[in-house]
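Here chain A shows up in two complexes: once beside chain B, once beside chain C.
Moving on, here comes the complex of A and B:
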């Protein structure tokens, strides 16, 4: 079985001061591993967007990361209110964030689109009233397996 | 251009600055997801947003220098985090348009 580094983080809901902690930790790990900075940036941005989404919409959640030689797989899991229409939520500019959140600079409706844009594989599943799970995969350019 | 030069051009108040940081381009905006999605790595980011998440975004998106415009004051949580994480932040009284012209004209 393929071995990797497994990391888990709790993301607390409504806490904007600590939002980004998990992404920051992952960024440090990837830098230490010598991953190309552009790939580190793609991971950090997409994971931070996910963290912020959980803080704003889901009352927090869990972030699981598995780092392999050629890629990182991040699972963002929450038990929040879920997304009614994923297709609509994926549209750039669509947002359900309240006014106080927008005043902080969030809620531009670019979170999910950014996560898709900056990852190589993006998967989202959600059930209203139960929660949302997002899986992000980023391949590391110089380590990507050929064939 | 060195970050120090930008601070001088903008008569800026220093919150935290590595004067030797090299800045090659800029980005203007206040919505943090736009900044993360579009600001080039190592750029000078002109904004009026001054909460703690500015430091988070700047760190994760490799922003070279944050310029708080329109006389916006860096809030204390942001100041503390910028000092802790080494994010470059300066304050200027110029509006965003004028600040950009001052630096990049």
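Moving on, here comes the complex of A and C:
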């Protein structure tokens, strides 16, 4: 089996304050591994977007992270209402977030596009009424002296 | 002047006073303290000089490092650099010239107000913000404890950093040029900053952002205070020379939000207190601080008036400065045009050294193995972060074990208690 670290987080629905906990823990691990800071940033941003998505749209879910020598694979799994038209949901600015969430400054329709933009591999599957699964992969650059 | 960085310490411990309680260790924002053999030990490569441990120690066992007052007598021509926060330390003060004249009474030949440098840095900041070369939001680097925190923990935020020197650096340069232009021999000049906090002592002595240190020494407000107070109270009104060239903008830098307000922009935030600063930096890491152009961060609550080397309660000092500010001229007191220097004069001479103090190993595979090992050790720990083992958290204990900082057979005291009960 490939050597790696497996982390699991519960993301609770409707609780904005708890979003970022998983991202924080993962950042800590990556920094201890000495991963290049730009890659840590890409993971942090896409992870946080994923957490917020689950908080807003799915009533929470689970985040699984597997950190390997050359990459991190993050799975965001929820049992929420699912996405009807994934292609549409992937368009920057498209949002189904309710008005009250938008008033908070969230739900600008950049969640999924940002997750795709900041990761190397992006995979999404969703079934209406059942839930959504997003798999993100970020490959780490080789360590340079200057980091 | 040669300084041995290794012998430079932000804080030192009085081992007789240290009771080995875990107060400082638990609250250190960078997990830079361990309790070993019943005494608090600082891991200096992680220390950012914020002074939290000095502030919190119930036994006053932690001391900030600074130069004794008598150091000034090593020089024939002595220049004091008072920070604006100093003016908040005195009761019933209505004219800051009393402070400046008092400094001349206690042994200084000239004074150069740090707040003037702050006004110049504000002007230079505006230019850099407009140029747009720095990634937004731009983070202020005036608080050296914040800059050190970023260096140890958030190095990828480097493109956001305002690459300007601190106000005290600017006035140290200007004061030296002034003295030299008056024909004072270079070796006679001694420039001394009167510091509100240990982070500034360390930054100046180690030469943060500059090629070599710009001052001959750094004194503590607490050490200068009594001398200054008695000198000030014996001064008669007719003896007070109008030396001050400080404006409102420079003065307001002493409190949190002052630096940002001096930029006259709408989209800024100002956070104070090292925990709050940490949270803002974390949020910036996750890209969740949108709509902000400038971030002012101060490690001390209330800003520099909250520094641990001050005498006065920070909130009182802040209130006093509000009163004093009303008596100062508003706007354009210290302009870049007056000084006639290029923008380079105000900028970092070199980038600060970023440190990978949390990296477990240079080799990534070895680091990964250590991480796996840490997770394994954590499974057998109570995860209550009690500090009894001498590390601030169960995770820190496991890290210390894996890094060989403590003997490999070290056991968690709680686990030992538990197994004793069961046997």
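Operating definition for what follows: the second predicted complex is superposed on the first by the 142 of 147 C-alpha atoms of A that agree within 3 Å, B and C clash if a C-alpha of one lies under 4 Å from a C-alpha of the other, contacts with A are read in each partner's own complex, and residues count from 1 in each chain.
Simple rule for what comes next: contacts are C-beta pairs under 8 Å (C-beta built on N, C-alpha and C of every residue); 3 or more make two chains touch, one makes a residue touch a chain.
This structure is a prediction, so every number in the text was calculated from the model and none was measured.
Using the contact criterion defined above for the overlaid structures, shared-chain residue A:122 touches neither chain B nor chain C, since it reaches no partner.
Looking at the shared chain after the overlay, A:20 reaches both chain B and chain C. In the superposition on chain A, A:111 contacts chain B only, with no contact to chain C. Residue contacts after overlaying the shared chain place A:29 against chain C, while chain B stays out of touching range.
Taken together, the two structures place residues 20, 23-24, 27, 37-38, 41, 44-45, 48, 105, 114 of chain A in contact with chain B in one case and with chain C in the other.
Those residues of chain C that touch chain A in the complex are listed here as 153, 155-156, 282-283, 285-288, 290-291, 354, 356, 358-362, 364-365, 367-372, 375, 399. The part of chain A that touches chain B in the complex is made up of residues 16-17, 19-20, 23-24, 27, 37-38, 41, 44-45, 48-49, 104-111, 113-114, 117-118. Of all residues in chain A, those touching chain C in their complex are 3-5, 20, 23-24, 27-29, 31-35, 37-38, 40-41, 44-45, 47-48, 67-69, 105, 114, 140, 143, 147. Within the complex, the chain B residues that touch chain A are 30-34, 36-37, 41, 49, 51-54, 56-57, 59-62, 77.
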